[in-house]
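This is the structure I have questions about; it appears just below.
Every chain is named by a letter (A, B, C and D) in the order it is written, and numbering of its residues begins at 1.
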(Lines give C-alpha, C1' and ligand atoms only; values in the text may rest on other atoms or scores of the structure.)
Protein backbone atom coordinates (compact mmCIF):
# COMPACT_ATOMS: atom_id res chain seq x y z
CA UNK A 1 0.00 0.00 0.00
CA UNK A 2 1.14 3.55 -0.74
CA UNK A 3 1.10 5.97 2.16
CA UNK A 4 1.39 9.69 1.37
CA UNK A 5 2.23 12.61 3.62
CA UNK A 6 1.74 16.31 2.94
CA UNK A 7 2.73 19.67 4.43
CA UNK A 8 4.33 19.51 7.90
CA UNK A 9 3.45 15.82 8.19
CA UNK A 10 5.63 15.14 5.17
CA UNK A 11 8.40 17.17 6.78
CA UNK A 12 8.12 15.27 10.07
CA UNK A 13 8.08 11.85 8.39
CA UNK A 14 10.87 12.88 6.05
CA UNK A 15 9.44 11.41 2.84
CA UNK A 16 6.50 12.40 0.60
CA UNK A 17 5.32 8.78 0.34
CA UNK A 18 6.32 5.21 1.11
CA UNK A 19 5.27 1.76 -0.08
CA UNK A 20 4.50 -0.44 2.92
CA UNK A 21 3.08 -3.87 3.72
CA UNK A 22 0.42 -3.25 6.37
CA UNK A 23 -1.52 -5.66 8.56
CA UNK A 24 -4.02 -3.03 9.76
CA UNK A 25 -7.60 -3.17 8.54
CA UNK A 26 -8.66 0.38 9.48
CA UNK A 27 -7.18 3.88 9.33
CA UNK A 28 -6.98 4.00 13.12
CA UNK A 29 -5.08 0.70 13.29
CA UNK A 30 -2.72 1.87 10.55
CA UNK A 31 -1.78 4.93 12.60
CA UNK A 32 -1.06 2.71 15.63
CA UNK A 33 0.96 0.30 13.48
CA UNK A 34 3.09 3.15 12.15
CA UNK A 35 3.62 4.66 15.62
CA UNK A 36 4.87 1.28 16.85
CA UNK A 37 7.40 1.14 14.01
CA UNK A 38 9.34 4.34 14.60
CA UNK A 39 9.46 7.35 16.91
CA UNK A 40 9.11 9.78 13.96
CA UNK A 41 5.53 8.57 13.41
CA UNK A 42 4.76 9.10 17.08
CA UNK A 43 5.93 12.71 16.75
CA UNK A 44 4.05 13.23 13.49
CA UNK A 45 0.74 11.80 14.75
CA UNK A 46 1.02 13.36 18.21
CA UNK A 47 -1.81 15.86 17.68
CA UNK A 48 -4.25 13.45 16.07
CA UNK A 49 -7.10 16.02 15.98
CA UNK A 50 -5.18 18.12 13.50
CA UNK A 51 -4.72 15.24 11.07
CA UNK A 52 -6.94 14.62 8.06
CA UNK A 53 -7.04 11.38 6.08
CA UNK A 54 -7.87 10.46 2.49
CA UNK A 55 -8.34 6.83 1.45
CA UNK A 56 -7.90 6.36 -2.28
CA UNK A 57 -8.09 10.14 -2.69
CA UNK A 58 -11.40 10.47 -0.83
CA UNK A 59 -11.51 12.35 2.47
CA UNK A 60 -12.78 10.15 5.31
CA UNK A 61 -14.07 11.42 8.67
CA UNK A 62 -14.17 8.15 10.55
CA UNK A 63 -10.89 6.47 11.48
CA UNK A 64 -12.74 3.12 11.57
CA UNK A 65 -13.02 3.15 7.78
CA UNK A 66 -11.62 -0.05 6.26
CA UNK A 67 -8.41 0.11 4.26
CA UNK A 68 -8.43 -3.57 3.27
CA UNK A 69 -8.77 -2.90 -0.45
CA UNK A 70 -7.22 0.56 -0.46
CA UNK A 71 -4.41 1.37 -2.86
CA UNK A 72 -3.33 4.56 -1.11
CA UNK A 73 -3.84 6.34 2.19
CA UNK A 74 -2.82 9.96 2.66
CA UNK A 75 -2.23 11.89 5.88
CA UNK A 76 -2.16 15.69 6.03
CA UNK A 77 -3.13 18.72 8.11
CA UNK A 78 -6.33 20.71 7.38
CA UNK A 79 -6.23 22.05 3.84
CA UNK A 80 -5.48 25.69 3.06
CA UNK A 81 -6.42 26.04 -0.60
CA UNK A 82 -8.04 28.91 -2.45
CA UNK B 1 -35.95 75.63 -15.44
CA UNK B 2 -34.70 72.67 -17.43
CA UNK B 3 -37.00 69.67 -17.64
CA UNK B 4 -35.50 66.38 -18.85
CA UNK B 5 -37.22 63.24 -20.08
CA UNK B 6 -35.70 59.78 -20.52
CA UNK B 7 -36.62 56.44 -22.08
CA UNK B 8 -40.23 56.09 -23.21
CA UNK B 9 -41.13 59.37 -21.48
CA UNK B 10 -38.70 61.15 -23.79
CA UNK B 11 -40.28 59.38 -26.77
CA UNK B 12 -43.82 60.36 -25.69
CA UNK B 13 -42.90 63.99 -25.05
CA UNK B 14 -40.85 64.12 -28.24
CA UNK B 15 -37.84 65.99 -26.85
CA UNK B 16 -35.01 65.00 -24.47
CA UNK B 17 -35.32 68.26 -22.56
CA UNK B 18 -36.96 71.68 -22.64
CA UNK B 19 -36.37 75.04 -20.96
CA UNK B 20 -39.60 76.28 -19.38
CA UNK B 21 -40.87 79.05 -17.13
CA UNK B 22 -42.89 77.35 -14.43
CA UNK B 23 -45.19 78.73 -11.76
CA UNK B 24 -45.40 75.46 -9.80
CA UNK B 25 -43.70 75.14 -6.44
CA UNK B 26 -43.72 71.35 -6.13
CA UNK B 27 -43.09 68.37 -8.38
CA UNK B 28 -46.77 67.38 -8.18
CA UNK B 29 -47.88 70.85 -9.24
CA UNK B 30 -45.38 70.85 -12.10
CA UNK B 31 -46.86 67.64 -13.50
CA UNK B 32 -50.35 69.18 -13.36
CA UNK B 33 -49.09 72.38 -15.00
CA UNK B 34 -47.54 70.40 -17.85
CA UNK B 35 -50.67 68.26 -18.33
CA UNK B 36 -52.77 71.42 -18.64
CA UNK B 37 -50.44 72.71 -21.36
CA UNK B 38 -50.65 69.90 -23.89
CA UNK B 39 -52.28 66.53 -24.47
CA UNK B 40 -48.86 64.83 -25.00
CA UNK B 41 -48.04 65.41 -21.32
CA UNK B 42 -51.34 63.89 -20.29
CA UNK B 43 -50.45 60.75 -22.28
CA UNK B 44 -46.90 60.67 -20.92
CA UNK B 45 -47.91 61.09 -17.27
CA UNK B 46 -50.97 58.84 -17.52
CA UNK B 47 -49.51 56.03 -15.40
CA UNK B 48 -48.07 58.22 -12.65
CA UNK B 49 -46.99 55.24 -10.49
CA UNK B 50 -44.47 54.22 -13.11
CA UNK B 51 -42.79 57.62 -13.15
CA UNK B 52 -39.66 58.49 -11.19
CA UNK B 53 -38.38 62.01 -10.57
CA UNK B 54 -34.99 63.56 -9.94
CA UNK B 55 -34.64 67.17 -8.76
CA UNK B 56 -31.19 68.57 -9.48
CA UNK B 57 -30.00 65.03 -10.20
CA UNK B 58 -31.21 63.61 -6.88
CA UNK B 59 -34.00 61.04 -6.83
CA UNK B 60 -37.01 62.21 -4.83
CA UNK B 61 -39.77 59.96 -3.49
CA UNK B 62 -42.26 62.62 -2.46
CA UNK B 63 -44.04 64.64 -5.15
CA UNK B 64 -44.53 67.45 -2.59
CA UNK B 65 -40.83 68.25 -2.73
CA UNK B 66 -40.24 71.91 -3.50
CA UNK B 67 -38.76 72.87 -6.86
CA UNK B 68 -38.57 76.59 -6.11
CA UNK B 69 -34.76 76.78 -6.32
CA UNK B 70 -34.28 73.80 -8.62
CA UNK B 71 -32.23 74.14 -11.79
CA UNK B 72 -33.44 70.91 -13.38
CA UNK B 73 -36.18 68.35 -12.93
CA UNK B 74 -36.03 64.99 -14.69
CA UNK B 75 -38.84 62.52 -15.36
CA UNK B 76 -38.20 58.89 -16.27
CA UNK B 77 -39.45 55.31 -15.81
CA UNK B 78 -37.82 52.98 -13.24
CA UNK B 79 -34.14 52.54 -14.04
CA UNK B 80 -32.74 49.42 -15.67
CA UNK B 81 -29.00 49.75 -15.24
CA UNK B 82 -26.37 47.13 -14.55
CA UNK C 1 -14.98 60.50 -11.61
CA UNK C 2 -12.77 59.19 -8.87
CA UNK C 3 -11.93 59.77 -5.25
CA UNK C 4 -10.11 58.24 -2.31
CA UNK C 5 -11.83 57.67 1.03
CA UNK C 6 -9.98 56.00 3.91
CA UNK C 7 -7.39 54.47 1.60
CA UNK C 8 -10.10 53.04 -0.65
CA UNK C 9 -9.68 54.27 -4.20
CA UNK C 10 -13.00 54.56 -6.04
CA UNK C 11 -13.21 55.03 -9.78
CA UNK C 12 -16.40 55.38 -11.83
CA UNK C 13 -16.60 55.64 -15.61
CA UNK C 14 -19.61 55.94 -17.88
CA UNK C 15 -18.40 55.48 -21.41
CA UNK C 16 -19.24 54.25 -24.91
CA UNK C 17 -16.02 52.33 -25.45
CA UNK C 18 -15.29 48.81 -24.25
CA UNK C 19 -13.13 48.03 -21.22
CA UNK C 20 -10.32 45.56 -20.65
CA UNK C 21 -10.53 43.46 -17.49
CA UNK C 22 -6.85 42.49 -17.48
CA UNK C 23 -5.65 46.05 -17.58
CA UNK C 24 -8.13 47.11 -14.88
CA UNK C 25 -6.86 44.30 -12.64
CA UNK C 26 -3.26 45.20 -13.41
CA UNK C 27 -3.88 48.75 -12.14
CA UNK C 28 -5.21 47.35 -8.87
CA UNK C 29 -2.46 44.82 -8.31
CA UNK C 30 0.22 47.42 -7.76
CA UNK C 31 -1.13 47.47 -4.20
CA UNK C 32 0.33 44.59 -2.21
CA UNK C 33 -2.26 44.58 0.57
CA UNK C 34 -5.00 43.10 -1.57
CA UNK C 35 -5.66 39.38 -1.33
CA UNK C 36 -8.66 39.01 -3.58
CA UNK C 37 -10.34 40.69 -6.49
CA UNK C 38 -14.01 40.04 -7.14
CA UNK C 39 -15.30 41.03 -10.49
CA UNK C 40 -18.58 40.94 -12.31
CA UNK C 41 -18.95 41.50 -16.01
CA UNK C 42 -22.43 42.01 -17.40
CA UNK C 43 -22.85 40.96 -21.01
CA UNK C 44 -25.54 41.68 -23.62
CA UNK C 45 -27.64 38.57 -24.10
CA UNK C 46 -30.84 37.49 -25.77
CA UNK C 47 -33.30 37.99 -22.96
CA UNK C 48 -35.42 35.08 -24.10
CA UNK C 49 -38.48 37.30 -23.71
CA UNK C 50 -38.86 37.45 -27.46
CA UNK C 51 -38.76 34.71 -30.05
CA UNK C 52 -36.75 36.89 -32.38
CA UNK C 53 -33.02 37.28 -32.01
CA UNK C 54 -31.78 40.51 -30.44
CA UNK C 55 -30.19 42.87 -32.96
CA UNK C 56 -28.83 45.42 -30.50
CA UNK C 57 -29.22 46.89 -27.05
CA UNK C 58 -29.39 50.66 -26.64
CA UNK C 59 -28.40 52.18 -23.31
CA UNK C 60 -29.68 55.69 -22.60
CA UNK C 61 -28.50 57.51 -19.49
CA UNK C 62 -28.66 60.80 -17.61
CA UNK C 63 -25.25 62.42 -18.24
CA UNK C 64 -23.86 63.93 -15.06
CA UNK C 65 -26.28 62.19 -12.75
CA UNK C 66 -25.21 58.66 -13.75
CA UNK C 67 -21.64 59.10 -12.51
CA UNK C 68 -22.86 60.69 -9.27
CA UNK C 69 -25.46 57.98 -8.62
CA UNK C 70 -22.89 55.23 -9.17
CA UNK C 71 -20.37 57.04 -6.96
CA UNK C 72 -22.96 57.16 -4.16
CA UNK C 73 -23.43 53.38 -4.44
CA UNK C 74 -19.65 52.86 -4.30
CA UNK C 75 -19.28 55.12 -1.27
CA UNK C 76 -21.99 53.15 0.46
CA UNK C 77 -20.11 49.90 -0.30
CA UNK C 78 -16.87 51.45 0.94
CA UNK C 79 -18.54 52.25 4.28
CA UNK C 80 -19.89 48.72 4.70
CA UNK C 81 -16.79 46.70 3.81
CA UNK C 82 -13.03 46.97 4.12
CA UNK C 83 -11.99 47.60 0.55
CA UNK C 84 -8.84 48.80 -1.17
CA UNK C 85 -10.31 49.48 -4.60
CA UNK C 86 -13.67 49.86 -6.24
CA UNK C 87 -13.93 50.25 -9.98
CA UNK C 88 -17.16 50.55 -11.93
CA UNK C 89 -17.31 50.97 -15.69
CA UNK C 90 -20.77 51.24 -17.24
CA UNK C 91 -21.10 51.38 -20.96
CA UNK C 92 -23.81 53.38 -22.72
CA UNK C 93 -24.82 53.72 -26.36
CA UNK C 94 -25.56 50.88 -28.80
CA UNK C 95 -24.24 47.41 -27.95
CA UNK C 96 -24.57 43.98 -29.53
CA UNK C 97 -24.99 40.40 -28.26
CA UNK C 98 -21.90 39.32 -26.36
CA UNK C 99 -20.68 42.88 -25.78
CA UNK C 100 -19.66 43.91 -22.29
CA UNK C 101 -22.16 46.21 -20.56
CA UNK C 102 -20.77 46.73 -17.10
CA UNK C 103 -17.70 45.93 -15.02
CA UNK C 104 -17.71 45.95 -11.23
CA UNK C 105 -14.37 45.25 -9.64
CA UNK C 106 -13.68 45.28 -5.90
CA UNK C 107 -10.44 44.40 -4.15
CA UNK C 108 -9.93 43.57 -0.51
CA UNK C 109 -7.57 41.72 1.80
CA UNK C 110 -10.41 39.23 2.36
CA UNK C 111 -12.45 37.37 -0.20
CA UNK C 112 -15.83 37.75 1.53
CA UNK C 113 -15.62 41.54 1.54
CA UNK C 114 -14.69 41.60 -2.13
CA UNK C 115 -17.56 39.26 -3.05
CA UNK C 116 -20.24 40.96 -0.97
CA UNK C 117 -19.35 44.47 -2.11
CA UNK C 118 -19.34 43.55 -5.81
CA UNK C 119 -22.74 41.88 -5.45
CA UNK C 120 -24.07 44.90 -3.51
CA UNK C 121 -22.91 47.34 -6.19
CA UNK C 122 -24.43 45.24 -9.00
CA UNK C 123 -27.75 45.03 -7.13
CA UNK C 124 -27.90 48.80 -6.71
CA UNK C 125 -26.81 49.58 -10.27
CA UNK C 126 -29.90 47.71 -11.48
CA UNK C 127 -32.38 50.15 -9.99
CA UNK C 128 -30.38 53.16 -8.77
CA UNK C 129 -28.23 54.04 -11.77
CA UNK C 130 -30.16 56.35 -14.16
CA UNK C 131 -29.73 54.09 -17.17
CA UNK C 132 -32.48 52.72 -19.39
CA UNK C 133 -32.17 49.82 -21.81
CA UNK C 134 -34.01 49.40 -25.10
CA UNK C 135 -33.92 46.11 -26.97
CA UNK C 136 -33.93 46.33 -30.74
CA UNK C 137 -35.23 43.39 -32.77
CA UNK C 138 -35.49 43.13 -36.54
CA UNK C 139 -39.17 44.04 -36.63
CA UNK C 140 -39.65 46.01 -33.41
CA UNK C 141 -38.05 47.61 -30.33
CA UNK C 142 -39.03 47.68 -26.68
CA UNK C 143 -37.84 49.29 -23.45
CA UNK C 144 -36.66 46.80 -20.86
CA UNK C 145 -39.07 46.79 -17.92
CA UNK C 146 -37.67 47.05 -14.42
CA UNK C 147 -38.31 43.94 -12.34
CA UNK C 148 -40.03 44.24 -9.00
CA UNK C 149 -37.63 41.64 -7.55
CA UNK C 150 -34.68 43.92 -8.38
CA UNK C 151 -36.21 46.59 -6.16
CA UNK C 152 -37.16 44.15 -3.39
CA UNK C 153 -33.69 42.61 -3.29
CA UNK C 154 -32.24 45.94 -2.12
CA UNK C 155 -33.97 45.46 1.24
CA UNK C 156 -31.76 42.44 1.89
CA UNK C 157 -28.70 44.67 2.25
CA UNK D 1 -9.95 17.86 -16.27
CA UNK D 2 -13.26 18.94 -17.80
CA UNK D 3 -16.78 17.71 -18.35
CA UNK D 4 -20.20 18.84 -19.41
CA UNK D 5 -23.26 18.26 -17.27
CA UNK D 6 -26.68 19.55 -18.34
CA UNK D 7 -25.15 22.09 -20.73
CA UNK D 8 -22.85 23.40 -18.00
CA UNK D 9 -19.25 23.15 -19.08
CA UNK D 10 -16.86 22.61 -16.15
CA UNK D 11 -13.12 22.98 -16.48
CA UNK D 12 -10.57 22.48 -13.70
CA UNK D 13 -6.83 23.07 -13.98
CA UNK D 14 -4.10 22.69 -11.40
CA UNK D 15 -0.97 24.19 -12.84
CA UNK D 16 2.29 25.98 -12.13
CA UNK D 17 1.91 28.60 -14.84
CA UNK D 18 -0.07 31.81 -14.59
CA UNK D 19 -3.50 32.29 -16.15
CA UNK D 20 -5.00 35.06 -18.22
CA UNK D 21 -8.43 36.30 -17.18
CA UNK D 22 -9.22 37.98 -20.50
CA UNK D 23 -8.59 34.85 -22.50
CA UNK D 24 -10.61 32.71 -20.07
CA UNK D 25 -13.53 35.13 -20.39
CA UNK D 26 -13.17 35.16 -24.16
CA UNK D 27 -13.61 31.38 -24.25
CA UNK D 28 -16.82 31.67 -22.27
CA UNK D 29 -18.33 34.51 -24.27
CA UNK D 30 -18.75 32.46 -27.43
CA UNK D 31 -21.97 31.30 -25.73
CA UNK D 32 -24.73 33.87 -26.26
CA UNK D 33 -27.00 32.71 -23.43
CA UNK D 34 -24.79 34.08 -20.68
CA UNK D 35 -25.67 37.43 -19.14
CA UNK D 36 -23.09 37.69 -16.42
CA UNK D 37 -19.67 36.43 -15.50
CA UNK D 38 -18.58 36.46 -11.88
CA UNK D 39 -14.94 36.05 -11.25
CA UNK D 40 -12.68 35.89 -8.25
CA UNK D 41 -8.92 36.13 -8.42
CA UNK D 42 -6.91 35.26 -5.33
CA UNK D 43 -3.58 37.01 -5.09
CA UNK D 44 -0.48 36.36 -2.95
CA UNK D 45 -0.29 38.98 -0.22
CA UNK D 46 1.59 39.72 2.94
CA UNK D 47 -0.64 38.10 5.50
CA UNK D 48 0.22 40.67 8.11
CA UNK D 49 0.75 37.84 10.58
CA UNK D 50 4.49 38.50 10.49
CA UNK D 51 6.41 41.73 10.75
CA UNK D 52 8.80 40.61 8.05
CA UNK D 53 7.94 40.93 4.39
CA UNK D 54 6.86 37.74 2.62
CA UNK D 55 9.52 36.41 0.25
CA UNK D 56 7.46 33.70 -1.40
CA UNK D 57 4.47 31.43 -0.99
CA UNK D 58 4.85 27.71 -1.67
CA UNK D 59 1.78 25.70 -2.61
CA UNK D 60 1.99 21.94 -2.13
CA UNK D 61 -0.84 19.74 -3.36
CA UNK D 62 -1.97 16.14 -3.78
CA UNK D 63 -1.58 15.45 -7.51
CA UNK D 64 -4.56 13.56 -8.87
CA UNK D 65 -6.77 14.21 -5.88
CA UNK D 66 -6.67 18.00 -6.19
CA UNK D 67 -8.34 18.02 -9.60
CA UNK D 68 -10.97 15.51 -8.43
CA UNK D 69 -11.73 17.41 -5.23
CA UNK D 70 -12.15 20.69 -7.12
CA UNK D 71 -14.31 18.97 -9.74
CA UNK D 72 -16.59 17.66 -6.94
CA UNK D 73 -17.00 21.22 -5.64
CA UNK D 74 -17.85 22.47 -9.15
CA UNK D 75 -20.37 19.69 -9.70
CA UNK D 76 -22.03 20.61 -6.44
CA UNK D 77 -22.22 24.25 -7.57
CA UNK D 78 -23.63 23.15 -10.91
CA UNK D 79 -26.43 21.27 -9.13
CA UNK D 80 -27.34 24.26 -6.95
CA UNK D 81 -27.38 27.01 -9.57
CA UNK D 82 -28.22 27.45 -13.23
CA UNK D 83 -24.82 27.89 -14.78
CA UNK D 84 -23.40 27.80 -18.29
CA UNK D 85 -19.72 27.65 -17.40
CA UNK D 86 -17.52 27.00 -14.42
CA UNK D 87 -13.79 27.45 -14.68
CA UNK D 88 -11.33 26.94 -11.84
CA UNK D 89 -7.59 27.38 -12.21
CA UNK D 90 -5.49 26.77 -9.10
CA UNK D 91 -1.80 27.43 -9.23
CA UNK D 92 0.73 25.37 -7.26
CA UNK D 93 4.48 25.68 -6.75
CA UNK D 94 6.36 28.78 -5.66
CA UNK D 95 4.66 32.16 -6.01
CA UNK D 96 5.54 35.72 -5.08
CA UNK D 97 3.66 38.74 -3.66
CA UNK D 98 1.13 39.98 -6.19
CA UNK D 99 1.07 36.71 -8.15
CA UNK D 100 -2.25 35.14 -9.01
CA UNK D 101 -3.07 32.04 -6.93
CA UNK D 102 -6.53 31.04 -8.02
CA UNK D 103 -9.18 31.95 -10.56
CA UNK D 104 -12.85 31.05 -10.15
CA UNK D 105 -15.06 32.02 -13.03
CA UNK D 106 -18.77 31.27 -13.30
CA UNK D 107 -21.17 32.33 -16.03
CA UNK D 108 -24.92 32.37 -15.92
CA UNK D 109 -27.89 34.07 -17.53
CA UNK D 110 -28.52 35.73 -14.14
CA UNK D 111 -26.08 37.68 -12.00
CA UNK D 112 -27.16 36.23 -8.65
CA UNK D 113 -26.43 32.67 -9.74
CA UNK D 114 -23.01 33.67 -11.06
CA UNK D 115 -22.15 35.53 -7.83
CA UNK D 116 -23.37 32.87 -5.42
CA UNK D 117 -21.70 29.98 -7.22
CA UNK D 118 -18.32 31.73 -7.42
CA UNK D 119 -18.46 32.53 -3.71
CA UNK D 120 -19.51 28.95 -2.92
CA UNK D 121 -16.61 27.49 -4.90
CA UNK D 122 -14.08 29.81 -3.26
CA UNK D 123 -15.39 28.91 0.20
CA UNK D 124 -15.03 25.19 -0.47
CA UNK D 125 -11.60 25.50 -2.12
CA UNK D 126 -10.31 26.93 1.17
CA UNK D 127 -10.88 23.75 3.15
CA UNK D 128 -11.76 21.02 0.64
CA UNK D 129 -9.02 21.31 -1.97
CA UNK D 130 -5.96 19.27 -0.89
CA UNK D 131 -3.56 22.19 -1.10
CA UNK D 132 -1.25 23.45 1.63
CA UNK D 133 0.46 26.83 1.74
CA UNK D 134 3.84 27.60 3.25
CA UNK D 135 4.98 31.17 3.73
CA UNK D 136 8.67 31.84 3.29
CA UNK D 137 10.25 34.84 5.01
CA UNK D 138 13.88 35.88 4.92
CA UNK D 139 14.72 34.28 8.25
CA UNK D 140 12.08 31.56 8.61
CA UNK D 141 9.19 29.67 7.01
CA UNK D 142 5.81 28.56 8.34
CA UNK D 143 2.84 26.54 7.15
CA UNK D 144 -0.36 28.56 6.88
CA UNK D 145 -2.82 27.40 9.54
CA UNK D 146 -6.36 26.63 8.50
CA UNK D 147 -8.91 28.98 10.07
CA UNK D 148 -11.82 27.58 12.03
CA UNK D 149 -14.09 30.21 10.48
CA UNK D 150 -13.31 28.83 7.00
CA UNK D 151 -14.68 25.47 8.09
CA UNK D 152 -17.70 26.95 9.90
CA UNK D 153 -18.65 29.10 6.93
CA UNK D 154 -19.35 25.97 4.86
CA UNK D 155 -22.41 25.29 7.02
CA UNK D 156 -24.00 28.46 5.67
CA UNK D 157 -24.41 26.88 2.24
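Quick note on the criterion: a residue touches a chain if its C-beta (ideal position, glycine included) is under 8 Å from a C-beta of that chain, and two chains touch if they have at least 3 such contacts.
Because the structure is a prediction, the values reported are computed rather than measured.
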item	value
Smallest count of steps, each to a touching chain, taking subunit A to subunit C	2
Chain separated most widely from subunit D, comparing mean CA positions	B
Whole-Å gap between the CA centroids of subunit B and subunit D	48
Centre distance in Å when subunit C and subunit D are each reduced to the mean of their C-alpha atoms	23
Separation of subunit A from subunit D, taking each centre as the mean of its C-alpha atoms, in whole Å	26
Computed distance of Cα centres, subunit B from subunit A, in Å	72
Shared-contact residues (touching 2 or more other chains) in subunit B	82
Subunit D residues counted as touching two or more neighbouring chains	42, 111, 122
Contacting chain pairs - touch in the sense defined above	A-D, B-C, C-D
Subunit B to subunit C touching residues, read off their complex	4, 6-8, 10, 54, 57, 59, 74, 76-82
Interface residues, subunit C side, partner subunit B - complex	42, 60-62, 64-65, 68-69, 90, 101-102, 122, 125-134, 143-146, 151
Subunit C - residues contacting subunit D, complex	20-22, 25, 29, 32-43, 45-46, 48, 97-98, 109, 111-112, 114-115, 118-119, 122
